[in-house]
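So, here's a batch of structures to check.
Shared between the two complexes below is subunit A, which pairs with subunit B and subunit C, respectively.
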Partner chain A sequence: MSVGYGAVGWNRQKKRYDFFLVLGIALYLGAFMGAGAWLFPDVTAETLMIRAFGSAALILLHLILLVGPAARLDARFLPLLYNRRHMGVTMFLLALIHGSFSVLQFHAFGDMDPLLSLLTANTQWDSVSGFPFQQLGFVALIIFFLMAATSHDFWLVNLTAPVWKALHLGVYVAYGLVLAHVALGVLQAEQSPRLWLPLAFGFVLVASLHVIAGWRERACDREQPEEMGWVKVCSPQDIPNQRGVVVTVSGERVAVFRDDQRIMAVSNVCQHQNGPLGEGRIIDGMITCPWHGYQYLPENGCSPPPFTEKIPTFQVQIREGSIWVKSLPLPAGTAVEPAVWGGES
Partner chain B sequence: MKEQPFYVGYMPQMEGQLARFIGRWVVALLVLGIGLGFWLASSQTRLTGGFFDFGHAQSFEGILQLEPQPMLWVQNPNSETRTAYLLVAPFKFGAGPLIQPFDNQNVVLQGSLIHRHGRVMLELVPDSIEPRGGEQRFAPQQRVLGQVELAGEIVDAKCYLGVMNPGHLKPHRDCAVRCISGGIPPVFLVRNEEGLADVLLLVNQQMKPFGPEILEWVARPMRIKGQLVQSGNLWLLKTEAVDFHALD
Partner chain C sequence: MDWLRGLVYAFYAYVLIGWVLGGFLAFRGVNRLDPSAQSGTWGFRLLIWPACAALWPLLMLRYVRGHQQPPIECTAHRQAAGREV
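Right after this comes the complex of A and B.
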């Protein structure tokens, strides 16, 4: 919820979230560098640092990409999603340490500016095994930087949601670049299946969870046929009390909620970060977003004062035991009379 | 529809069943993190050999030679023979400019040892060279061992012999380019039948260092045709870029 863009403040859950995030990273780095130094006494500390931080960033990136679809498939994962932004910024910092150490180690203290060297030392673009892999990591790091720098809700508001969303979809481009960075880089020298199998497994896991979650969503994207400007949704008893269902009306996802006898419909898209409102609940009479808990009054799509978010609303009717939704949305924040259902709640 | 707990981040306390679910996942992820750390670290394979006595310089006396690459010929104990120590400057630079004024002179200098499998190199402390009297100029015995064609990889001698580990192959390519471009001697790394590596100092037909034309070949699998020359304890591969053949 935001006045301006103050958004989600600090609280105890967030502190615990960050504590476990940092603890996990510290345990990983400690295990990697400890085992590396013990097993390979000849290795240099710089190599261990570069490898530990690079791989930590990549593992965290997998986690970031997995919690989204996991939470769509099982709402119990939502608490992991709640503070995903900190995971993202932390992942960027790990990658930044990895990249900076790499530039220092491989490019600095020589006869050329280190950044120029990063871009020009290898230009074998027409080869697979010789492909310039460091530049791929560099581009990915720039994308992560832009995402981390604009992760605050200030930017969400000022860049507008569609631009922000598009920018943050860049994570998939960056993920692809990092996979190539590793496959064409270190895996050209370290060819143990113990290294490339986990990487391939991670990719398959990310891809398949996204496909499954997307497929589930597609199922609800089946357009309901329109009759005279109205669309039939389902019968009221199909919606658990204080919950919603998502239907696609004229290509837009609409969340239809039931609060006891009252039936109301709003846009499914949360104004905060496009969270799926239809997967939320009605708490204290307000639709509550499953992602970060922004709230909207179901009868007019407005956040309660002092907040100012507004979402489009839809007219609703009950005819012959079925809910019907008008296919054209009303302007965001328009009050609508809820349809009243006579049945048992 | 099964009633699932609904959690909003700003609620102070998670409901018990959900808290247990998340708690179990958090513990599983922490354990996975430690496990992955050990697993990935122990899966590395190319991290052995090479030594750099970083920050610890010692005195060496010998005769300096600028070409084919900067080196110091140090007298072996109780013998007339000498051993060549390749010389490099700190960071990614060759020692050429530092030793040029002392070419073919007997000197004492300070350097940090770099070595791998009996191949030795010194990182010269700048401005530490002091001329000494005694025998000046040394011509090592040279034996031409004939035409060869060998498969291997061009690396910079400094990183490979010990400053970086790993100091060869693809991940190290850009660094080797920078080092060779800065004047560190390029060597050809050849694996023999037993898998042990030989390093051959690359020189052109005039027995001089290669120029920038070598950079695009660095750290790639390749074959080189050339003349193998033994010069004291060093092995040289005398060749030209036209005799380089890519294997990638």
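Right after this comes the complex of A and C.
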């Protein structure tokens, strides 16, 4: 939470995670280049490095894209989601090394400026077999740079989470460009399906997990009908103690929490990275975001001092055994009297 | 071809200006734009420098206009609620 910014928010778990991430990449790169040198002795070291770093970045990009929907479908993947930022920056660095070696090998030693050479060496835009695939990779790399460079809480705060998220959704554009870059580039010469199959499998896996996760969340995003400015949610006993349920009201999800007998509602959108607060828990009396642990007091939607984040709150009633939420949100940080439920917790 | 050459040189100019202004913003300017940055470490400033270099027009605009707080995000609920307390 934002009192003062540090470089990297490492803790013991993140250090362990990063250790295994770097170890896995080092082993992959070593195995790829070792096997490549043995199987294809005529291939130069630069070419092997270009392929090793490029393929490592491609695999990591698939993992990054799979983590989001996998965590929506199964909470056991949430720890990977917490650490996805480091995975993303690492993927950019691998792609940068791949791109830098490629420019050095193919564009740096002529009379022309390397970037100008990259953009003009091949302009067969109407040809499939000779398509200028390197330009596609260059544009994808620029998108990855913007994403990696803004992967700090400072940028989340100063761009605001919706703008930051919109920028980072550029990963899907970059993914499409990378698929085209690989398919129109290295795989053009590939006659056997041994490289095409993993690429197609990766795409189908990423696409299908996104569709399944989106389908499951569809019902949650259906706007609930109002009755005299109030929206019926569920029975208090339907909410496990110190947990929440999510309902869509006023164009956005609302998280309704139960803390013993007290029922409270806040906007579901965490101010940090727009994490889903309703999927979090009440810990030490505070709503705790499942993504990065940002906390808010359920009575007023404010982060505990000295933190300054605050989210909109909602009035809550219990009528005829059901929880009702007022459809009009209150300004962020407004204190609301919790509804008290007489049932057993 | 000439237009592409011009575009590439314009890109280099943007990067060069961004690198200089981005350095100023990362090590000085952000202290005014975001109070939480005032106690930011050197590591933090080095990490935000590349994006300061890329997004320098946005940050410089805020700096020149005298912004002293980060913007508040705009969500459906915040819009419906109308204002902060």
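We adopt the following convention: the second predicted complex is superposed on the first by the 339 of 345 C-alpha atoms of A that agree within 3 Å, B and C clash if a C-alpha of one lies under 4 Å from a C-alpha of the other, contacts with A are read in each partner's own complex, and residues count from 1 in each chain.
As a working rule, a contact is a pair of C-beta atoms (placed from the backbone, for glycine too) under 8 Å apart; a residue touches a chain by one contact, two chains touch by 3 or more.
Note that this is a predicted model, so its numbers are computed, not measured.
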Once chain A of both complexes is superposed, is A:Pro312 in touch with subunit B (first), subunit C (second), both, or neither? second
Name the contact category of A:Gly333: first (subunit B only), second (subunit C only), both, or neither. second
Quick one: classify A:Gly88 as touching subunit B (first), subunit C (second), both or neither. neither
Subunit C versus subunit B, contacts on subunit A by residue: B
Contacts for A:Val269 in the overlay, against subunit B (first) and subunit C (second): which applies, first, second, both or neither? second
Regarding the shared-chain residue A:His152, is it in contact with subunit B (first), subunit C (second), both, or neither? second
Answer with first, second, both or neither: which of subunit B and subunit C does A:Leu116 touch in the superposed model? second
Footprint overlap on subunit A, comparing subunit B with subunit C: 8
Touching residues (chain side subunit C, partner subunit A) in the complex: 1, 4-5, 8, 11-12, 30, 33-34, 36-44, 46-48, 50-51, 54-55, 59, 70-78, 80-85
Under the stated contact criterion, what part of subunit A meets subunit B in this complex? 8-9, 11-14, 20, 23-25, 27-36, 39-40, 42-44, 46-47, 51-52, 55, 59, 63, 74-80, 82-83, 105-107, 109-112, 117-118, 121-122, 124, 127, 129-130, 133-134, 184-186, 188-192, 194-195, 198, 240, 243, 280-281, 283, 288, 290, 292-293
Note: in the complex, subunit B contacts subunit A through residues 1, 3-12, 14, 18, 21-22, 25-26, 29-30, 33-51, 91-93, 164-166, 169-175, 177-179, 181-183, 216, 220-221, 248
Could you list, by residue number, the parts of subunit A that touch subunit C in their complex? 2-8, 113, 115-116, 119-120, 145-146, 149-150, 152, 154-155, 157-158, 160-163, 250-252, 254, 267, 269, 271, 310-312, 328-334
